[in-house]
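Presented sequentially are two complexes of subunit A, the first with subunit B as partner and the second with subunit C.
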Partner chain A sequence: GSPGELNPPIPSLLSPTVTSEQIEHLHRRFKQLSQDQLTIRKENFDSIPDLEFNPIRGKIVHAFFDKRNLRQASDGLADEINFEDFLTIMSYFRPIEMNMDEEQLDRFRKEKLKFLFHMYDSDHDGKITLQEYRNVVEELLSGNPHLEKESARSIADGAMMEAASICVGQMGPDQVYEGITFEDFLKMWQGIDIETKMHVRFLNMETIAHCY
Partner chain B sequence: QWATIRIERGVKKPQRQMLKTPAANGIIERDETPMEEEIARLNSDDFQFSDVLYFCRKGFEAIVEDEVTQRFSSEELLSWNLLTRTNVNFHYISLRLTIVWVIGVVVRYCFLLPLRITLATIGIMSMIVGTTLVGQLPNSSVKNYLSEVVHLTCSRILVRALSGTICYHNKENRPKKGGICVANHTSPIDAIILTTDGCYAMVGQVHGGLMGVIQRAMVKACPHVWFERSEIKDRHLVTERLREHVADKSKLPILIFPEGTCINNTSVMMFKKGSFEIGGTIYPVAIKYDPQFGDAFWNSSKYNIVSYLLRIMTSWAIVCNVWYLPPMVREKDEDAVQFANRVKSAIAHRGGLTELPWDGGLKRAKVKDTFREEQQKNYSRMLVRNGSIG
Partner chain C sequence: VLAALAAGAAEARATSEGQLPGAAAMGTGTPPSPSGTAFEETRLHVFTLDYPHVQIPFEITLWILLASLAKIGFHLYHKLPSIVPESCLLILVGLLLGGIIFGADEKSPPVMNSDVFFLYLLPPIVLDAGYFMPTRLFFENFGTIFWYAVVGTLWNAIGIGISLYGICQISAFGLTDITLLQNLLFGSLISAVDPVAVLAVFENIHVNEQLYILVFGESLLNDAITVVLYNLFKSFCQMRTIKVIDIFAGIANFFIVGIGGVLIGILLGFVAAFTTRFTHKIRVIEPLFVFLYSYLSYITAEMFHLSGIMAITACAMTMNKYVEENVSQKSYTTIKYFMKMLSSVSETLIFIFMGVSTVGKNHEWNWAFVSFTLLFCLIWRALGVFVLTQIINVFRTIPLTFKDQFIIAYGGLRGAICFSLVFLLPPAVFPRKKLFITAVIVVIFFTVFIQGITIRPVVEFLDVKRSNKKQPAVSEEIYNRFFDHVKTGIEDVCGHWGHNFWRDKFKKFDNKYLRRLLIRENQPKSSIVSLYKKLEIKHAIEMAESGMISKVPSSGSLSEYHEGKIKPLSPTEMENMREILTKNLYQIRHRTMSYNRHSLAADASEKQAKEILIRRRHSLRESLRKTNSLSRERPVLA
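Right after this comes the complex of A and B.
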């Protein structure tokens, strides 16, 4: 596009930590993916070779269109997203800054974890049930013909039980663990340093030689 | 040389550090630890939720920037070389710079361009006339000598027409007769650059128009291998003809570009194994252009050949380095693919380019399913191993 083209208004949650050059880069990438259209659809993600390798490719692409991630009031899936929505999703992966205080860090962490939670919770009911968890495991293991469905199941079941023990403690024989709620999810991730692992860092531009 | 952007690492460290990524040429910092290590780090025992994190991040990195697509667009430069086409973020910095830039434009378009076009026309005309004349002679050593002279002279004129400055290294390894010369491919100019220093038999498709005239004239003077469009599809026919040519030790070495398409000169992509199945000695050549003076990469989906040539002729110059590498032969227990990769590594290493296992054909096509399944198998194998312990 022409240099100096103006982007749509930047969502306020991005402003302190993302520079305009980074946004320009993302905008260029957006245009590349959308083939110069104003919106992206699911099919546009097919053109990325590196993404093909990824076992949870489907969930990642889905996350872009998930209205909960797009901070829209309604629920369900959007058909297409524009650049502002694209930035909104990318903002979940921004790295933390040095000057953040405790409260900001906490909010940051919650946002990232919420994003991950939505990835698991495919029916949007606010809980990750055993079946949903199994789905994720199966997707991660998909494509391996040697792996039996049973092994995938047992892995999922084992992990779910562990999750239950963390969240609920010892359960009585009649108790049924319905599913992992977001609060339980938060508990499970305590101790894992998500802020440093769930980010995409931009390399910062050194300004071109100043001529005065 | 790369337009990398440097970052300050600020995560939980008291002082700021400058991070320099070696040979990075992208816009995001990538963590190159292999999958096994990373996942082992994330979870000490069984499969847990954190595995998803790894793939999620990889996915996002791929969406922001993937290694392959960026090879099909021109390299970005760290400092501006006064060509707006290479500086994507042209903003108005100062009046003085803009004036310098305007002068640059005037010099390039009004002064250099006409000179270059004249030279190029002279070059092409003398090539056609020269080769036709030489072609009239009966086959003899005199004819070969004259044809060499004609080819070399005309290539030199054409290279001057592009203001090309070429530096050849290791000339003792120059390809000999009966061999196959392979090189990395950045633009159609590669062929001219190589023929300035030696004569080769070209391999390619028959074209119509001016190209066709040139091709027919060249064939009269010395044997090149031109294929009809229909013959290209038949791989056996192609291999057979090339094999015939190579077997004849008196014929010039063949010039082949195994990547199959133009790449932007920052990396070397997969070498197609066809050229390596022919047999014979392979003479690898590495070509690296200096992007400061002009961008030689032909983005065929963005520009057609005429506008590409125009851009080349209005750049400052084409500066490049050519390294001749020592000849390689396929070893007994190597198959064509392994041999191809070996040659590719040697070329990438010499030219200072990164190596990618991807196919240049991805410019237009999608990833083969076999690749994808391979990766998935790796992950699940690892998981089952871990899962069975817990």
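Right after this comes the complex of A and C.
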């Protein structure tokens, strides 16, 4: 690539937790995926062989182009992303720092959960409705040919009911549960410490990068 | 105990004269008739007492009964187990008993025979722990656990051994006859963290799973190192010259012991899974295979002087995955219950025997040795954990905080394993054996009593993260799976071979080959689906038990309701769906008791539950046929 590409602008979210070495790694990977172009499109993700077996492949790729994740707009999909956008998405998966205080940790956690929330909420209306949930469960179980569609739907329904009971508690007979909002989503993930689990270590990529 | 009792029984037989050897050999209950003269006839005995005949099984039964009654006694006063861990109370009971026997007989009470401990009492506990181990968490932390187990134990053993040797050199203490090798051997046997003690103490304090798995995993894996070091130093003590080749042999031995044990365990685990594939005609003996194969793996490993604990743990973890799907529900419940029962009894017996064996004449008290042993154990453990954690934190994604390190160091409890190992020392080579025994007992008592009792207040004081035993929820399972896939996907995108990569590879291999071979009806099971089914059945059972069988439609029938409708759904249909959802929300989901080592969730009959589900669906179909329109009326409620 051109010398100008060696020092890409580092988004402010990343520093100081990502070292320049890691950014170099990611940059190299970006260049592979984009085939030395400046931007990546959705088609470029087809070149990753292992991603094909992933049942929620579509949602993952979609997440890279989601303008909400890229912090560009509250809706819509970008057609292509450059390296800065790529880093922005990767920043959702950085590991936790030892010296973070409570407020930082909380913000950290909210960011990560927001990323996941956007993956569920495909129509970008800020709520996970029953249909969207069903869609998620169907995709998750799509790898299993023996499973009927009915089971997937009933599972989604059951999960939705659980969500409603956690978020709203006892509901009156005429109340209707619209969908899971982000606050409800936060409540459901309360017990699980996502900030420690949701990270990828960008350490061991040297060997793999040469394989492709 | 068996050996001692057998000796006693033999004695009794030898002294009671007039018993025909034939009658004794046949073991019949015939009354003894005098040998020799045929003229003196005894009349027919109406009532006889033949204690020696049943002595051994009788005494075993009495011991086990006593142990179980003691347990009941503790739980009568419900506050007691939360303040004082059961292990302490059991040791106290043992001490009491030992005192009584000693006082009554003026000879040392039966000392816990090391063979009995290692061959009969220890395996059930390890099997139970290995079978119910959270494998995912274990493998995620495997590196750290291995690091602590191997390097940590080595550090402790050598550290304690050398510092004790330094103390022994001081002639004022009268210990100069203990050689360096003897000290190293002593260090190696006392540095091992004991799984039984850890289980007994950690069980009640409910720290978060991460901490628990680190301490507990360490206590299991360090068996390999302990076995190697113990045998190594014992042979060194008996050899006259030590060559460099012997040290290399020792290192090679470690690998063989550890890896060999694990391989035996995995192999027999696969054989067990394969066997259960064909047992669907004789369900009754299914549980037997689980126990037999795991015990076989333990004693096979012990036969080759490999690590039996690692073998049985590997076997249990392997079996758990496949056997669960092959056996019937009832067999599975039987296995769980029986395993818990065996391990509970074993643990109780171990602690009581430790108490009993303490009383007696095999002690030699030496203030310096004993107190410095205790001191060094604590110091080296704390140092070791601290230093090792600094190193391993570099490689860990979730670094361990000071609180975690403190709990890990504090949770390094010693127990029955070092107790038995010290009794196994050959007295010819170790003239000061009694001193070692005393020191070991003091350390064990200190860790079990002081650390065991105070760990709960310490955990609360440090505000360590506790485990939250929540009801398993389908939505949580969905989230977890979703999250796994997201993480795998991102790792693929940035080309990173992480944990998930290996886990995925293993899962593919598993599905392709292993499951086809080992599982009878092989349908790729989704954890979400099986959890959902389990919860549905449990929900139905709860409803039946509380008498709340209503005709509110189950969620499972929502799909039938919408069969044949044109997509996309019209707004009225969406409204109805929402309606039905909210009706279902009326049902209060009871929370079952959280899983505990000593109790299992209530089990009800499957048939009844399935019937309830069928009835629910049937009733909904009926009510829908009657209404036959997309009205806003409520479905029929009970």
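The working rule: the second predicted complex is superposed on the first by the 196 of 212 C-alpha atoms of A that agree within 3 Å, B and C clash if a C-alpha of one lies under 4 Å from a C-alpha of the other, contacts with A are read in each partner's own complex, and residues count from 1 in each chain.
We take it that contacts are C-beta pairs under 8 Å (C-beta built on N, C-alpha and C of every residue); 3 or more make two chains touch, one makes a residue touch a chain.
Computed from a prediction, not measured in an experiment: that's the story for all the values here.
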Partners on subunit A (subunit B, subunit C) - clash or fit: clash
First (subunit B), second (subunit C), both or neither touched by A:L130: second
Partner chain(s) touched by A:W189 [first = subunit B, second = subunit C, both, neither]: both
Touching partner for A:E150 - first (subunit B), second (subunit C), both, neither: second
Which superposed partner A:E21 touches (first subunit B, second subunit C, both, neither): first
Touched partner set for A:L51, first subunit B, second subunit C, both or neither: both
Partner chain(s) touched by A:G158 [first = subunit B, second = subunit C, both, neither]: both
Which of subunit B and subunit C A:M119 touches, first, second, both or neither: both
Which superposed partner A:R29 touches (first subunit B, second subunit C, both, neither): both
Touching both subunit C and subunit B, counted on subunit A across the two superposed complexes: 25-26, 29, 32-33, 45, 48, 50-51, 53-57, 60, 90, 93, 95-96, 98, 116, 119, 136-137, 140-141, 143-144, 146-147, 151, 154-155, 158-159, 162, 188-189, 192, 194, 196-205, 208-209, 212
Touch list for subunit C against partner subunit A, complex: 397-399, 468, 470, 473-476, 478-483, 485-498, 501, 504, 523-524, 526, 528-529, 532, 535-536, 555-556, 558-560, 575, 577-579, 581-586, 589, 634
Subunit A-touching residues of subunit B, taken from the complex the two chains share: 4-8, 10-12, 16, 19, 21, 24, 26-29, 42, 46-53, 55-69, 78-80, 84, 87-91, 93-94, 96-97, 358, 362, 366-367, 371-373, 375-377, 379-381, 383-384, 387, 390
Interface residues, subunit A side, partner subunit B - complex: 3-4, 21, 24-26, 28-29, 32-33, 45-57, 60, 90, 93, 95-98, 116, 119-120, 136-137, 140-144, 146-147, 151, 154-155, 158-159, 162, 188-189, 192, 194-206, 208-212
Contacting residues of subunit A [partner subunit C, same complex]: 25-26, 29, 32-33, 45, 48, 50-51, 53-57, 59-60, 64, 90, 93, 95-96, 98, 116, 119, 130, 136-137, 140-141, 143-144, 146-147, 149-151, 153-155, 157-165, 170-171, 173, 175-177, 188-189, 191-192, 194, 196-205, 208-209, 212
